[in-house]
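Here come two complexes built around subunit A, the first alongside subunit B, the second alongside subunit C.
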Partner chain A sequence: MKTVFYINALFSLIFALGVIFGKNPLRSALSLLLFFLTIALDFFFAGSEYLGFVQIIVYAGGIIVMIAFVIILLGLKKESPDYDITVRSFTGIILLGFFALGVLYGLAKSVLHLIPKAPYFDTSAAGIGDALFSKYLLPFEVASILLLVGVVLAFIFAKKEV
Partner chain B sequence: MLGFNDYLLVSVILFFVGALGVLFRRNLIYILMSLELMLNSINLTLIGLAKYSNDTNPQVLILLILVVAAVEVAVGLGLAINLMRVKKTVDVDLFKSLKG
Partner chain C sequence: MALKDVLILVVKISIVIGGMLGVVAYLTLMERKVVAYIQERLGPNRVGPWGLLQPIADGIKLFFKEDVIPAHVDKLLYIIAPAITMTMAVMPFVIIPFSKSFFLSDINVGILLLLAISGINTYGVLLAGISSNSKYSMIGGLRVASQLISYEVALSLAFVGVVLWNGSMSLVKITEAQHVVWNIIPQFIGFIVFFIAALAELNRIPFDLPEAEAELVAGYHTEYSSMKFALFYLGEYANLTAMSAIITTLYLGGWQGPWLPGFVWFAIKTFVVLFVFMWIRWTYPRFRFDQLISVGWKVLIPLALLNIALTAILRIYI
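This part shows the complex of A and B:
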């Protein structure tokens, strides 16, 4: 199980590097699609089929199609490498390195085995729906309002004159 | 045995790859794709937590993150289309109108 997980993680890392170092935007979008599929595979491994399918439908079916359409619409061509190595981003990298060291240190000293375990693992769509409509009703409604605002905002931004 | 630490390690690495993309690329589309990488690495952490603590709550959080990611990419791409129309470029270093 561990071997399979790490092989899958290696593939996600390769596809993620393919996204950020790619020169052709469309090819990067396809690499991102494969990255999403490896994450969905991780969901399946963790026993949460519902979220895996939602991941495939929303990300692969929705977001990637949107990104690919915009790339084609804008006519973004293969471009010369545009890596921007300034003092600002160099500082950012150093801070990120410290953050990574901190996280790895926390990982080594982890007390996560103290997290209490629930008696059983409910990963069914029914279990998630139960939680979503009882305990998490307010976040659910806020998310729906967020979606509405997002739709209106995207429409206004993409209109001819702002 | 696959533990929570394995999930955390992999998602930290993926998060850094995404953050590198946000810091180093200048194309707005690439920055949006790198943001998606970062949000997905968070999802990976949460599914590890859900599996490790036998809990439903992180899965609900994953669904909410999914909504936020979809809205973010829709608004960002609308912005990119408009910037391409007005400024003829999606290079974020050339957008200096708000610089004081």
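This part shows the complex of A and C:
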């Protein structure tokens, strides 16, 4: 199980880097889509089918389509980066990478064990529904009102005259 | 998992996929026959008795056609798009219970799987539209994206009604919960909403704006030829079969029925729904695009919300 997790993590990293370094905006968006799918896989491995599917529905089914839409409407253009990767900068990047790895390793050694383990949480559909409508009712409602305000504002901005 | 279990699963999967592809191939013949009788014609009747070998002839013809990839297309996306459409069209059959004991898997959030699949399904047509380097394809792809997003909301809200009424998201449990009365009676508003939204999700007339041939040639698959075109075409029919099977499972009691074995009932109900889809396609004219969007947002979604409220009230007092 651990190996599968690490392979999946490797793929998420690759896709995440693809989002940043992709020159074609559409390809970047699709990398983001694949990245979200690997995150959904993480949820499946952690035993929460519900969260995994919600991740796919919300991010893959909604948000990336919107991003793709915006890219199409603004026109597809290949972006050329405003920097050149020379031998010197490449060496710098590699060295910086090693430095970052060292820092991360030191951090992991010293502080990681101080972080408490996440408490058990029932992540089935029933469990999450229960938590949302009892313990976390107030934050849930506040978030929904915030989203509603966002929708109304979007309408006001989009419409020339209200 | 022992080797025997794996083998049984592989055999089951092959039966489902093989049977499904067979049904899909013959659906093309069924559609042509149905439209022929609706328009008082004979339909295909040259290849084999009653035209029964027509799908095979079509398949061979498409295999031998030249596979044209137009200039300046985004090749990777252009090739991936039909594959996404076809795979996502076959996926729902993973969780559909064909009879009391024959289903591939029973996951307890099955309905969410269906929604996730229909979410990814959008990319097949969207990518085909974008990558084809053609104005018609592009407009077709954009229309598909906006249409699918709008109608997915109504579709998922209709799902919520079913889930509330049956108290489960597993398709097996939903089917079993319908042994007294089919969901179509307590969920009638939900059924209407679901059916119309399904028509729109499938891009069928009266909602087939993405491939409106009068204005867009063939929409998102204008530039596709040979087997890639066939994958879109088959994917469309596979989606149609999947949607009919989902409607059967959610609203028409699935495999349940007297006397006959469950599998037969399931097939009969699915084909009745398929026939209704075809009947609608050849009876109604096409909507305008603004009509389509406003029906989705101003009629279907409020109706679906009303259905959820009524279902909740009914659940409390019955």
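Following the convention adopted for this analysis, the second predicted complex is superposed on the first by the 114 of 162 C-alpha atoms of A that agree within 3 Å, B and C clash if a C-alpha of one lies under 4 Å from a C-alpha of the other, contacts with A are read in each partner's own complex, and residues count from 1 in each chain.
Simple rule for what comes next: contacts are C-beta pairs under 8 Å (C-beta built on N, C-alpha and C of every residue); 3 or more make two chains touch, one makes a residue touch a chain.
All values reported here derive from a predicted model rather than from experimental measurement.
Once the two complexes are laid over each other on the shared chain, residue contacts for A:26 go to subunit C alone; subunit B is not touched. Look at A:72: by the touch rule set out above, it reaches subunit C but stays clear of subunit B. Using the contact criterion defined above for the overlaid structures, shared-chain residue A:54 touches subunit B and also reaches subunit C. Put subunit B and subunit C next to each other and count what each touches on subunit A; the higher total goes to B.
When both complexes are overlaid on chain A, the residue A:34 reaches neither subunit B nor subunit C. When the two complexes are overlaid on their common chain A, residue A:125 makes contact with subunit C while staying clear of subunit B.
Counting contacts as defined above, subunit A residues 50, 54, 62, 66, 76 meet subunit B in one complex and subunit C in the other.
Put simply, subunit C touches subunit A in their complex at residues 74, 77, 107-109, 112-113, 115-116, 118-120, 122-123, 126-127, 130, 138, 141-142, 145-146, 148-149, 152, 156, 169.
For subunit A in complex with subunit C, the residues that touch the partner chain are 24, 26, 30, 33, 49-50, 53-54, 56-57, 60-62, 65-66, 68-69, 72, 76, 124-125. Those residues of subunit B lying in contact with subunit A across their complex are 1-2, 4-6, 8-10, 12-14, 16-21, 23-27, 29-30, 32-34, 36-37, 40, 43-44, 47-57, 59-60, 62-64, 66-75, 77-82, 84-85, 90-91, 93. Across the complex, subunit B is touched by residues 1-2, 5-6, 9, 12-13, 16-17, 19-20, 25, 28-29, 32, 35-36, 39, 42-43, 46-48, 50-51, 54-55, 58-59, 62-63, 66-67, 70-71, 73-74, 76, 79, 82-85, 89, 92-93, 96, 100, 103-104, 107, 110, 112, 115-123, 127-128, 130-132, 135-136, 139-140, 143, 146-147, 149-151, 153-160, 162 of subunit A.
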